Amino acid sequence: MTTIEYNHIVKKAQGRFNGGIHPTECKTLSNQQAIQSLPLPNFLILPVQQNIGQPGEIICQVGDEVSQGQLLVDNTEVFGANIHAPLAGKIIAIDQYPTNHPSGLPQTCLKIKTAKQQVSTELFSPINWQQVEPQQLLERIKLAGIVGLGGAAFPTHVKLAAQPINTLIVNAMECEPYITCDDRLLQEQSQQVIQGALISAKIVNAKEIIFATEDNKPDAIKQLSQCIKQIKSEVTIKIIVAPTKYPSGGEKQTIELVTGKQLPKGKLPASMGLLVQNVATLFAVYQAVNKGMPLTSRLVTLTGNQIKTPGNYWIPFGTTIESIMQHFDISDFTNQPVVMGGPLMGQPIFNYQAPVTKATNCLIFNIAATDEKMWLTQSTQHQPCIRCGECDKACPVDLLPQQLFWFSQSDQWDNLENQGLFDCIECGACAYVCPSEIPLVHYYRYGKSSIKTIQRNHEKSEKAKKRFEFREMRLARAKEERALKHKKAAEARKKAAQDKKADPTGKQTAINEALARVKAKKSAQNSTNPQPKE
Amino acid sequence: MSLSSPFFHQALSTSKVMLIVCIALLPGIIVQSYFFSYGVLINVFFCSLFAIIAEYFVLYLRKRKPWKIIKDNSALVTGILMGIAIPPTLPLWMSFIGVCFAIIVAKQLYGGLGFNPFNPAMVGYVLLLISFPVEMTSWLPATTITPNVPDFSDSLNLILFSQTSNGDDVEFFRQLADGYTMATPLDFTKTQFTLGLMTSEILTNETLLKSHHAWHLVNLAFLVGGLILLFLKIIRWHIPVAFLSGIILTSYLLYYYDPNLFMPTSFHLTTGATMLGAFFIATDPISASTTPKGRLIYGFLIGFLIVLIRAFGGYPEAVGFAVLLLNLASPTIDHYTKPTIYGHNLEEHANE
Amino acid sequence: MNELLIATATLVIFAFLCGGLLGFASIKFKVDGDPIVEQINNILPQTQCGQCGYPGCKPYAEAIADGEKINRCPPGGEAGIKALAELLDVEPLELDDECGEEAPQRVAYIREDECIGCTKCIQVCPVDAIVGAAKLMHTVIESECTGCDLCVPVCPVDCIDMPEVAPNINEWQWPKPYLLTNNNEIPVKVIS
């Protein structure tokens, strides 16, 4: 066991956050082995949208032969990220396929039959980052389709456009049980991650880089500090080590641990001069800039008691869970959820056709033993809430989960919002400690999505109301105009009739008109011959 | 239904929590039955039985799965608390009424565990206290000071038929050697004050001191149980600490104001149901305030009210009333003591 | 006797005084809140479908304010009736099946090659969600359509379908966790 040496580079975290839990870590299952690769999958199912925000434009067709790294989805939206071919092959379908979305609803995906021969091609030319303008680096990151690989999949080039930034925080907390991909990446590729951090720091003009990590990763810390010592740079690089506590990897919690200050409500970290980036994201930045490689694969922790050789593997996006299961020969795993992500915030995947995407950092294939209490197998049965308060002790954002639950189960949306529902980060600490085994986070998600639906419906009905009212107004105006026209026409008719009555043959009118003409002529003559003045 | 995260859980269930509370009550029950004979045990047994039967009955009517829900052990806790709170010779039909009222009206009619706004045990207790004030204040003298100690069959007969096989009633057992009828220390001091005696005179009364000694030890035993709960993190420190400091501060101020008219702090802390209330009754999380600050206010005000009611009220004991009054206030307390959420109230400092 | 008279007189005078004061206050301090019709209209779903028997949501809102029953709006459904009942402080009623049933959200779709361009549907659409001109093909602006069904009966060639709106991943809603114990419901028998 390596111990952590504290010195001028490695420091203890000064801040702390309230709440938090200490679940069993289960990290040694997967962090003892070196990073490996899997054999080529037969086909890929590549979702067209893997970032938050809008989907992009598909610039390929069924039947196209694509090479590795070729741009397939061009996304020019504000929060868009490009998607490249993870492997060379042929596009055999563009259709709706099940993905990892909690609804189980299908999404548009490209199905790619992978070629037997993979030729590695460079899509971009490598850049020497020290000699170019930040703008060029930012452009490269955008082209490479890099998004936050910690799980949120927020486009990195948008995040790096924030100014002014003083400190770049590299989030290497990796606080969830089982996940070790960042830990392993730091152990084996720390040089590259630091380069990626320096590139990011150059883009945002940061003066300081802080690697924030937990004290359960001594090997990674040792490796990292040795690399930092060798680097000569104007940017100061430090490692801050926090005591292991879940969820210290939450962005808000990391900021509080590193700076000792809370991020004000509704503000971005940039308002404090901070930028938080994930380790894997920085590695992707390095790959894109120094190697000219777009983001087409990522490091995924494959673990759980059903995998004989748990560890971290490079997996191209679009690889289906089924093909991974075939490789590891997992056969007696039916109707069990594969957990995508960690056991506290991950998604259950029942449909094994779902692919690995940019947001997938971990896959857990686990069947809980019957006497094991650690894994919840069913969340449908729970006892009533006794308001014991264990959850508010565990909440990292100081909410009152018992109150949120109370208002959510009785659909009291206003009260729910007043209790700070939208401040909840869904970390699951409350449900972890709940003695009644209430699926609390599910209740919050239900509440959040219900409130959003109500808002959406309200907006929709407001729009319909406006359009209806406008139509009413338009119809009323048209009616009025018609009525006016009728009235005018009627009046004209009436007048004509009257005139006709007074002068049946129209003689009088002709005489009158002639008189008027004479009169007009006379007045015109008067004005041309002005009378002499006295 | 689809599963949703988290999939991890620490293995501590509500049933277990309730069971641990029951176990932590044991030291208190043992000491109390040592000083007040078998009646305590008989009452605890019957009250628990009634509680479970009543719970089963209502759950059956409500078309729930009774055995599954009874396993949460909450009815058991209510039954045991009732059994401890009532006098050891209370006729069985009275405790039956009390327990049934507690479970059926105060708990299940509101929706069962988790939905009751009041502490069921205290509702049952207060109902009995108001309906049968004489029987409910007829505590036996401690076995250490009386020649007439009821044995097991006496206790059972007193509870079932209100008299023993020899024809002795409760009053017989309440008499001391000198013919005095014994009351609890709280009751005794209340009577003495109305007779115009001063604190110093009351405190030198031999019988009171002896009787008080028994209550000392009973309270100590409940304190031990409470500390076990604290140590096991079943309850949190807020309510007991605030409760006891409420008692200490209020009684100290009163005693300081006039040492002749009010009992000293040490008396309040070690008599009646003080420790039972502080660690087992006020800490019932369902009816208590649920915010960290709110718990402090809630506990403190209970302690404050207990001393006030003991000093000025018509009834000698006050834990039940004080707890119920604060149960009533806890939603309001919760409303005004919401903790500051992460990052809130920082907006004005945002651009520092 | 005299005392009785005095007491009665005092009370009567006092009652009149108070009554007068209250009456004055109600005129002087009248709260110009949202008129009730507006509030009702905000709860109604604005599909303008006319299933309630009124030509639009606003007219129905006006009718409710005048005492019409609150259970005549199928698109609003149970939730809408509940909200109305709360606003008006009346008992919630079952949805009147005369008016129709609560159905999932639909949207009109014109099979364009069959459309003859008669403009009849354009005229009846309450939210102007159909575009087109005489003798030219019409089409539905999907985002504006409320799914009111009004265009279906008027089409002479039956080329309008009302498919259900397909679930959308961005609008997907988490289901409510099933509460095993159902402890939040106390069984109540409705005595009618």
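Think of it as A, B and C in the order they're written, each chain with its own count starting at 1.
Following the convention adopted for this analysis, a residue touches a chain if its C-beta (ideal position, glycine included) is under 8 Å from a C-beta of that chain, and two chains touch if they have at least 3 such contacts.
Treat the numbers as computed from the prediction; the structure is a model and nothing was measured.
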Between the pairs A-C and A-B, the one where more C-beta pairs touch: A-B
Central chain (by mean CA position): A
Distance between the centres, which are taken as Cα means, of chain B and chain A, whole angstrom: 53
Between chain A and chain C, centroid-to-centroid distance (C-alpha), Å: 36
Residue list for chain C, restricted to those that touch at least two other chains: 174-175, 177-178, 181, 183-184
Shared interface positions of chain A, touching two or more other chains: 102, 379-380, 383-384, 439, 442, 445
For chain B, residues that touch 2 or more chains besides their own: 1-2, 4, 112-115
Chain A residues touching chain B - in the complex, by the definition given at the top: 17-18, 21, 23-24, 102, 104, 177, 252, 256, 262-267, 271, 337, 339, 341, 343-348, 350, 373-376, 378-380, 383-389, 392-393, 396-400, 402-403, 419-420, 423, 426, 428, 431-437, 439, 441-442, 445
Chain A contact footprint on chain C (complex, rising order): 41, 44-48, 56-58, 126-129, 144, 146, 167-169, 171-181, 183-184
Interface residues, chain A side, partner chain C - complex: 101-103, 105, 107, 379-384, 409-410, 439, 442-443, 445-446, 448-450, 452-453, 456-457, 460-465, 467-472, 474
In the complex, chain B residues that touch chain A: 1-17, 72, 74, 112-115, 236, 285-286, 288, 290-292, 295, 334, 338-344, 346-347, 349-351
